[in-house]
Every structure is written in structure tokens, then in C-alpha cells.
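The following pair of complexes shares a single chain, subunit A, combined with subunit B in the former and subunit C in the latter.
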Partner chain A sequence: MLGYIAKRTAIAVFVVFATSALTFFLLSLIPGETAVTIIQRVFVGDVTYNPSQAEIEATEQIFHLGNPLWMQYLYWLNNALHGNFGTSYISGRPVLSEILVRLPATVELAIAATILSLVVAVPLGMISAARQNSKTDYLSMASATFFIAMPNFWLGLILILLFSLHLDLLPVAGYGGLDNLILPAITLGAGMMAVTMRLMRSSVLEVLRLDYITTARAKGMDEKRIMYRHVLKNAMIPVITVAGLQLGYLLGGTVIVETIFAWPGIGKLLIDSIDARDIPIIQGCVVFIAIMFSLLNLLVDLSYYFLDPRIKYEKV
Partner chain B sequence: MITRRKVAIIAICLVLLSSIMAGCIEKETQEPATTPLMPEITPAAKEAKKTLVVGEMWSIRGVDPAKRGSFVKEKAMIVDTLVEANPDFTLRPGLAESWEQISDVQWKFHLRKGVKFHDGTELTADTVKWSIERALKINPPVKAVTMIKSIEVVDKNTLLFTTEEPYAAFPASLEYPNLGIVSPTSGTDDKGIIVKPIGTGPFKFESFDVATGTLYLLRNDDYWGKKPKLEKVIIKEIPDPASRAMSVEKGEVDFTCDVPYGDIERLKTTPGLKVELHPTARVYQLTFGNLSGTPYSDERVRKAISYAIDREVISERTLHGCAEPAIGPVIPTIAWANKGLKGYSYDPEKARDLLAEAGWRDVDGDGVLEKGGEEFSVTLYTYPQRPGLQPMAEAIQAMLKDVGIKVEVRVMDWSAIKEHMTNKDMKLSAYALAMVPDPDYYLRRTYHSEGSYNLWGYSNPEMDSLLEEGLKTFDPDKRQEIYDRVQEIALDEVPLIHVAYYKVAVVMRDHVKGFVFNPIAHDYMLNPEMYIGKSND
Partner chain C sequence: MAYWFKRKTILADKLPLHFLKQKSVAIGLMVILGLAFLAIFAPYLAPYDPVEVDLYNNLLPPSWEHPFGTDNLGRDVLTRVIYATKTDILASLFIVGISVSIGLFIGIFAGYYGGIIDKVLVGMMDTFLALPEIILALVLVGALGPGIFNAALALSLFGWVKYARVSRGLTLSIKEKEFIEATKAVGFGDFYLIARHIVQNTVAPITTLAALHLGHAILSLAALGFLGLGAQPPMPEWGAMLNEGRVFLRVGWWLSVFPGLMIMITVLAFNSLGDGLRDALDPRMKEVMMK
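What follows is the complex of A and B.
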């Protein structure tokens, strides 16, 4: 068990490191000069401003943009290992604090959406499977397809239109109380819920075909008990995997939903920074997302152990 | 078995919970003073009718006036500049009561007496010098705009500025929002960036929530001008245009701008809202890759393209009234606009004739003109940051197709266009006409052979000498003559085509009163006379 954790941690560290290097070099491929963008965004506030050479040179000096790329990367890596992820070009604030300030909002939204999707999807998926090809099954699968196909920016706007403008129940946008959380969580959770529901259904169907279920039925166990005691837990394994991965995605921020609802999360920070070529922040966000993702993957793997003791880590 | 599952779930929950808490704790220690909770904008607060809530279109990433001048001065009203501008772009005294020219390169500025910063310290020549020198040091374009060489303190209320060269636009350049005067007592972070600006403006900084991008302002009761009527102003970023529209519709914000074009008609008829469309100092311009060695080297081709564009349709239909057909290079309400100019009318017949005269004919009958075996087929580049650009580009595409020019529209990031665009392509952009209220700013950058906007290589010795002359002509009437001529040549030789003037759509609740639009603003500008009155319905 310990050896397994160590191995997985080593892989996670490698992933994070490789991601950071890859991002750094890919970012340098974005067309356009960083100094020009800084002048436009920070100093003038006009994206069409054409700076003179003198202005560009002065700016490059302020932000140390003159060094060769590999040197910039080593410099960054050295600082990062000492806990200093650099300073945002745009706001001038440390990258770490920019990310941490936005973390609670993102975590709150991601968890709310995940819980919402699981609470709805798991029972519905089970019912669908238990009553395969019934009306309930068709209805819930059809609505799942609908929710998967629906783009979330559209759903978000429709929800605002309905619940905020027409019914006047919830705020349009912003961050703060529980009422602010409801619409973004539904918007984000809807697609996830649909995917999870379909997965749950097929997973339950698969388990239902296994021998031990037949055995359980043969010994006269009632259907409900079979469902809860034998099917649910085994069917949950793929669902947990997917939910964990999705939570990882969500913790990286959800650009569209955060933008629509003016939700101050990491996704919004990332997209603002990409737009403004705020490379230290982009770099910081990507590394942060990589860390989150690796960590959650690890947690998901470990949770299998509790769900299915047959999975032995030593053999992996 | 069941207990194991429970343990798994509890364990995951605990890890996640602790990460939330870690986040919260970090947040508190990082941002002790500047992270208030999002205020509940409750009905009770609205009844007080003294708070204005503004939905801002850009993400708010800082409050240092030297870097974010247009936000801190025009929207937050925290700082004032020495010189201010009227809606027709003429100058009026700001923190400087008066100024006089001493020599070609020297200007004396007399400060308004008895002005106090928000913390009660007095505005003196020393603090002004400190503030302007700080901006010069940390913001490179300030130097280019002001050409300041040195600043001397003559006495407590007088400053002597020396410019690098004779610069007639100097007083106007002090209106540059990045030169908003801040007190040295302003709160800074460990890198010297101002996080708690102390200015002299009608509103003072209360707090700024970094995460939600929300700025809280309080009335400055000791304001040197007319006392503002609002008690509080809250500016919160809502970068999504559709969300801005719905926020103002629901009343979560009282004032916002730049809503989706398609929503304007609906908002106009929504009870409780008023919509105003104002032309601002920004112009949509169509530019060419290069004026030599391309079809555009022939002036007749450039004119033909200008005649082929139906500016009326673009402004009224394509952009839903959020633009005004352009005549000359600058908006006609600006004091220095050449009022005698007649723009290019929509005349596709004439456009076809001019193209034929220039030797462009449709030889193979496919609807696209050819000359010397080459098709007139180009790419029109534009960028996504201004919502009017793409629909406008598509309208121009259709209009040019009508006269036999095949156009492909490509939308990409502003900085990427430079690397894709070839000499025979075109670009549609929205340029600021006046970062400072003086004709020199836009005209010299655009029409001088060495101007930084002039990427297409326009060069006319008469134009160059006029623009250089304008820089060192201090007599206002003579100066006007010069710039009248500049605009005349610009229109006649069409080195670039002005399509339309930018209009900003301001949407507010009808209880917002006293708002006066000032086109000098880069997007919109709030004014201290605004107040919350009775709703009209």
C-alpha cells in the first residue's frame, strides 16, 4: 500500500513537472510580443495601441523579458521550488495569492456541482437500470441525452432568464450566499449529471448480469436488498472514477459558467490571463490544475480499495 | 462492508473540506483588509437611494492610477488630473487652476489652492511632482504621451514643466488618465504598487475585493468641486455582456454599458430601464496591408472601396444603431474636427467605375475582378475584443463582393493578426481617437510617415510637415488651420478608410439621474452629479 502511494506520488510529481515545462514553452509560441500586450493592457488600457520601440524596450526591462527562454524557465522553476510562482504582469500581485484568493469560489462551485450531479444521477441511473426499457428508463435517458447535448452557456442564460428575471427568485450573477450558488451549480452539474446517470445505468446493468447476483436471486433475496447490498457498491466504481476526474476538471475552473455568473474562480482568472497574455498566471494556473488533477486521481484510486477489497495495490 | 464505504466517503469529504478551509485561511492571511464579504444589495439598501451599483465591462485587476488611470479616474472617480476636458474636447482647469507657456518647451502650472487629499493632507507642488514622476517611471507610454523632460517645483502651488521638444499638445497631455494625482501616503504593496489609492476626486477608495473584482467607494465630503450626491458607489466586474444586460434588467446593478447588440431594442422597451447610445472617441477603421506594391497603391482602388461601403446600413442595421457613419478621421462633435468635410457616400456604381479605370475587370465572368491575371481576392482580419468588429467585417465582405472584390473574413487575436496579414490584406479595427484631448495624438500616429499606427507605409511630405508644424504651433487658430488641412488630405487620399464612429450603449435603471455622457471617456465615465432619484414608473 505504502509502496503504491509512493509510486503514484512520484508519477504525479513527474506529471506536474512535465506540465510546467510544456506550458512554459508552448506559451512562448503564442503569437505577438508579451511586452506589447503588457503595454496595451496594463499601461494604456487599449488593445489596439501600437507602442513605439522605446516603449517596448522600457517594458521588457521592467519585466525581464529579454533573457533566452530556457533561462527564463530555469529561473521560474527555481523560484517555484522555493514557493515563489512569480508575479502577475497585469495586476502586479503574487501568482500564488491570485490563485488562492479565487480557490474557495472554485472549490465551492465544483463540489456543489458534483454533489448535485451524484445525488440526482446515482438513484436515477439505478432506477433506470432496474426498470430497463420502461417509460421511466426512456424518459431519464432521453433527458440525459438532452442535458449532454445542451451547451452550458445556453443553459446558464436560460436559467437566469427563468429563475432570476421571470420568477425573481435568485440573483443573476455574483458570488456570496447560497442563493448565488444555486444557478451556477445547476448549470455546471447538469451535463455531469447526465453523463453520470448514463454511466450508472450501464454499470448497474452490467453488474446485474453477474453470477453472484443470480446466486443472490436464487437464494431468494429480495430485489431491493440485492440492489442496495450487492449492486450499488460494485456499480459505483466506474462512477466514482468519472466523478473524481470530473471534479478534477471542475477544480481547474469552469471558464464559461464562471464568466456568465461573474463567479470569481480560477477558470475566470485563467481565461482573463490568457486573453491578456499574463504568462506567470497562466503558468501558475496550469501547474495548480495539474496538481489538483493528480491529487484527485490518487484519491480516486485509493477509494477503490474501500469499495472493492479485491483490488490489491501491490499487484498494480 | 457498509462501514468501509462510509469511511471512504467521509475520508474524501474531509480532504476536500480541509482544502476549502486551507483556501479560506490563506485568503484571510493574504488579504486582511481588502476582502470584505460581497455586500447584500438588499431592498433596504436600495431604499436608501444613495448607492449606485455599476456593472463594469472589463475585469478589474488593480487600482493603481498610474497603470489603470482610465478606470481609477473615469469610472471610480478617485483621482483628478491637472487638466480636465469638456465633452467637445476643449480643456478646462482640473487640479491646476491655470497654466501659461513660458517658452517653446516650458510650461508653468498653478495649482488650485486648498485642495485636500482624501486623508486630509494638502495638495502641493511637491506631491504633484512626486505623483507624475512616479507615473513616468512605472508606465513607459506616459513619457511618449507627455514628452516631459523635467519637473521643477517653483513654490508650494506652482510647477514648471520642461518638455523634450516644443509640444503644443502638452496641456492636453496632462489630462491623460494615467496622470491622475495620487498622494504619496497611498497604501502600497511590497512591490510599490498602489493598492489603496488616496486621491482628490469626488469619491474615495473604501475597499477592493480582488477575487470578485468589486470596488467600494465612498463620497468625499471635502471634494473641491461640487459635492457629489451619491453616498456610495459600488463597481463590480461583469465581463459577460449578456449577464450585464440581465443584471441591470433585474436591478442588481443600476448602471452598465455595452450590452449585446441584439438586446438593445428589448431593453429600450423594458419598463424601469433607459438606454442611451452615445458616440465616443473611438473609430472603426479599415486599413490596408501596404500602400505600395499592392492594388491599394492606386488611390482609385482605395476610393472605390470607400464608395462601396454602405456606412448607414452598417451603423443602423449591422450594429443596431451602436455606430455612426464616419465622415472624416475624427468625430464631428470634437472641437478640432474639420466641419467642412464631406464623407464618401454609398455609391457602388462609382466604385465599379473607379475599379475599371484602375484596370480591374472581370475577365472570366466569375464575379471577381482580375488585373494582369490576378484575382482581387483578399483576407480581412479583425479581432474579437470589440463586439462590433466581426459583424461589421462580414457586412463589408458582402458589400465588396458586390463590386467584384472577393473578401475572406478572419477573426483572431489582435497580436496574432500582425503575423498572418500580408501586404494585400485588409484589417478592421477600433482605434481610440484621443487618449488625450488633442488632435496631434491620433492624427500624427496615423498619418505621419513615421507614425506608430501607420503600418501601411503612407507617406506624404506635405502631411508630414503639417503634422510636425502642428506640434510646435501654439496659436490655436493657426493650429486649427493645420489640422483642418490634415483631415482634408486624409479624407482625399484615403490612406485608410474610416467606416464608423463607435457608439457605446449605456443602460441604466430609470431612477439613475444626472448622468452626463462625456465622449472623452475610453468606455464610459461616471460624473459626480449623478444621483438616485424617483423611478419614472
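What follows is the complex of A and C.
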């Protein structure tokens, strides 16, 4: 068990490092004199400023820009490990504080979307399985198929059109109250809801075929109790795994949803900084997303172990 | 190079055609053929010019003359939606083509030769899978600059991983089979073995993956377009059209409805084809694909 945890943790850490290196090298492809950009934006705050040769050299010295790329990466890594992710080219503030300010909004949105999709998907998936081939089953499976194919940016626009502009029930965009949260959470959670619903259905169907369910029925247990006591718990195992992974993919979706709804989270920050070519912030955002994603994967792996003691990790 | 296709039964063996009798698959295939028709004959089918600006007739609601209305620059939305079919389908074919080529090559290479190369490649795949694809694509497009080609390139550079995983797994299992041993004993080389036996065995699962990937690629491409990083104006592309129309949501709902509807129909069609292929080829594939 300990060996398993150590191994999974090592993989997660490796992935975060590899992602940071990959991002660093990709971002170095951005054309333009980095030193000049830094002087103009961070030191002077004026993009028309024309720095002297001495200033450029001094900046290159401070930021190790004259060194080969891999050394620059190691300098960045060293700083990052000490909690210094650099300075934003645009705002001039430390990257870490820029990201930490935005983090709660993204977490709030992701959690709301996850809860929403699980609350809808788990009961619906169970009902679908319990009444296989009924109208309810067909209807919920058909809507799941539609939601999987529906682009979330389109769903967001349609929801705004319907509930904000036409019915005037909810705000178009913004951050703050619960009414602001509803539309973004639905937009973000719809895809996950559809996937979870399908999975819950097939998982319940699988459990229903097992011997202990037949036994429970044979001894005269009524269907409702079988569902709650035996089926639900066992069918939830794969659903929780996938829900954890889906939560990670939601982080990718936040980029789009936060853009549509002007939600001040990490996704919006990432897009804005890509538009502005604010390299330190892009780097920081990707590393943070990688950390969150890896942590989630790790949690899922470990929770799987505790949920189902039958699983042994010998061959991992 | 083409000698492993000489056996004419190969596709008939691997792709039992009875799956076409399923209603959803048949409809999906028909929709795809229709979309291909739209894409190929766009200049003859579209009633107007896709980029010509007509400011006197901007933001007209849907009517007989303009069934999908006109946009803020007076361009006919139906025309642009038809032309965008070509952009999106060609780009997603490009993405899937590149991904399949890279994925097959890396997967078979890693699985067949094993050792330290395999370990490094698997580490690379794990890293690529450790992040949502859209984030990596965003960074790459951000670095290369926005545009449809860069967007498609970014999505293909991160899209090969699934193919590599599947073909690596298949290679590992086939490698141990007796007929491979026999072929080696007869004296055939690695290239013959890979081309004749391994690639052939990956045809079925890779086809299924590719059909599902086509829909997924369109979603990702349109997402990049929507974020302003994919196709640039005035090029007609569904995601970019939604991005342009978003500003006019209050005054022109038709700008935001029709391109999205087209994306959904296209993705639905590819998904139902992919699902049908998967169920027909191998029910166990469901588990492999879910991962």
C-alpha cells in the first residue's frame, strides 16, 4: 500500500515537472525581445519606451536571458520551488498572487458544476438502469448523447439567450451571488453530467446481474432496498473514479466558460494572458492547472483503493 | 509499401458491415455524406458570397431571402455556415490524419522495441494525458500565434497520444503470439513483421478511435476558434462565427444559434458512427476507449 502511494505520488510529481518544462520551451517560441518587453512593461510601464543597450544587458543579466534555454528553465524552476513564479508583464505584480486571487473563483465554479452534474446524473442513471428500455431510459440516454455532442460554448450562449435575455431571470455574466453561479455551473457541468449518467446506468446494470443481487431477491428483499443497500454503493465505484477525472477535465472547460460569463478565475486569466503574451502568467497558470489535475488523479487512485478493498495494486 | 493491403479481405474481415443496419449509425453516415456534399459543392450551393460585406443589410433576422439571417457586416449566415463546413471538416480530417500517423508510429515503435525507449515514450504519453488537451493546445497556439493552421497543428501534436497507447498495447500483445515467432524463424525482418502483421491488427481499433476523434477534433477546433485563437476573420469557421456573433447576442440570436447547431449535428453524426463501429468491432473496446 505504501509503495503504491509512493509510486503514484512520484508519477504525479514527474508529470507536473514535465508539464512545466514543456510549457517553458513552448513559450520560448513566442517571438520578440524578452529583455525589451520586460523593461518596457515591468520596469517602466510604457510600451513605447526605447531601452538603452546598457539597460538591456543589465536586464538580461538579472533574468539570465543570455543563458541557454535549459539553464533559463532551471533558474525558473529554482525560483518556482521557492514560491517565486516571476512577475506579470502586464500588471507588474507577482504571478503567484495573481493566480491565488483567481483560484477561489475557479474552484467554486468547478465544485458547483460537479455537484450539479452528480446530483442530476446519479439518480437519473439509476432510474434508467432500473427501468431499462422504458421511456424514461430512452429519454435520458438520448439527452446524454446530445449533451456530449453539444459544445459547451454554444450551450452557454443558448442559456444566456434563453434565461438572461429572453426570460430575464438570471444575470448575463459576472461574479458574486448565487444567481451568477447558476448558468456557468450548468454550462460547465452538462458534459460531465451526460458522461456520468451513461456510466452510472451501465454500472448499475452490471451490478444488477451479479449473484448477490439474485440472492437478495431470492430471500424476498424488496427492490427499493436492494437498490439502496446493494446496488448504489457498488455501482458508485467506477462513477467516482470517472467523476474525479472529469473534474480534472472541467478545469480545461473553465477556460471557455469563464470567458463567456466573464468569471474572474484562472481560465479567464490564462486566456487574457495568452492574448497579451504575458509569458510568466501563462507559465504559472499551466503549472497550477497541472498541479490541480495531478492531485485529483492521485486522490482518485487512492480513493479507489479505499472504496474497494478487493482491488490489489501489485502490478502497478 | 502497399503490400499489406493486397489481401482484399482485410477490411471486410475487420469491419463487418451489418453495423450499418443500426438506425443511429445509418443516420449518422447519411448526415456525414450530406456534410461532405455541402463542403465539396459549397460554391454552387451557397446563395451568396461568404466574405462580401453589405452594410445596408446587416443584422437582418431570418427570412426567405436569408434563411439564417445576416451578420453584423451584412454577410449571409447560411452561406458562411456552408463554407465553414468545408473549413471544419477539412481541418478535423487533417488533425485526425496527423494524429493517427504519429500515434501509430510511436505506439508500435515503443511496443515493439520496448526497453528504455518505451519507458521514455510512455512517460511522454502520461505527461500529455496529464493535462486537458485544450490547455496544451492553447499554450502552443499562444506561442505560434493564432490561426486555423496553427490551431489544427496544436491539436494534432497532442491528439496522437490515444492512438499511441492503443497501438502500443496491441503491439505488446501481438508480439508474444506464436505466429510472430514463426515469421521470425522463417527469417523475415522487423519491417515486414510490423507492416504485415502488426499494422493490420491495429486497423480495426484505430478506425473506431478515428471516427470518434473526428467529432472531438471539431469540438476542440471550434473551441479554439471561439476563443479567437483558431480561424481568423473573415474565414468562415463555426467556432469563430460564434465568437463574432457573441457580441450581438442581444440583437441577433441567429448569429449564435445556427453555427452551434451545425457543430452539434456534425459531432452527433461522427459519434454515432464511432459508437456503431466500436460495438460492431469489439464490445470489449468500450473499456479501452473509456480510459
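One rule holds for everything that comes next: the second predicted complex is superposed on the first by the 264 of 316 C-alpha atoms of A that agree within 3 Å, B and C clash if a C-alpha of one lies under 4 Å from a C-alpha of the other, contacts with A are read in each partner's own complex, and residues count from 1 in each chain.
The working rule: contacts are C-beta pairs under 8 Å (C-beta built on N, C-alpha and C of every residue); 3 or more make two chains touch, one makes a residue touch a chain.
Remember, it's a predicted structure, so these values are computed and weren't measured experimentally.
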item: Which of subunit B and subunit C A:I282 touches, first, second, both or neither; value: second
item: Touching partner for A:L165 - first (subunit B), second (subunit C), both, neither; value: both
item: Comparing the two partners subunit B and subunit C, which touches a greater set of residues in subunit A; value: B
item: Partner chain(s) touched by A:N50 [first = subunit B, second = subunit C, both, neither]; value: first
item: Touched partner set for A:L157, first subunit B, second subunit C, both or neither; value: both
item: First (subunit B), second (subunit C), both or neither touched by A:F14; value: second
item: Which superposed partner A:V255 touches (first subunit B, second subunit C, both, neither); value: second
item: Contact residues of subunit A, present in both the subunit B and the subunit C interface; value: 30, 157, 160-161, 165, 259-260, 277
item: In the complex with subunit B, residue positions of subunit A that touch it; value: 30-33, 36-37, 39-40, 42-52, 54-55, 58-59, 62, 87-88, 90-93, 97-98, 100-105, 107-108, 111, 157, 160-161, 164-165, 168, 171-177, 180, 233, 259-262, 264, 268, 272, 277, 299, 303, 306-307, 309
item: Residues of subunit C that touch subunit A when the two form their complex; value: 123-124, 126-127, 130-136, 138-144, 215, 219, 222-223, 226-229, 239, 242, 246, 249-250, 253, 256-257, 259-261, 263-264, 267-268, 271-272, 290
item: Residues of subunit A that touch subunit C when the two form their complex; value: 11, 14-15, 18-19, 22-23, 26-30, 145-146, 148-151, 153-154, 157-158, 160-161, 165, 242, 248-249, 251-253, 255-256, 259-260, 270-271, 274-275, 277, 282, 286, 289-290, 293-294, 297
item: Complex contact set, residues of subunit B against subunit A; value: 1, 4-5, 7-8, 11-12, 15-16, 19-20, 23-24, 26-27, 30-31, 35, 37-38, 40, 59, 61-62, 64, 67-71, 138-144, 178, 189, 191, 193, 210-213, 236-240, 242-243, 246-247, 249-250, 252, 383, 385, 413-416, 418-419, 429-432, 435, 445, 452-453, 455, 522
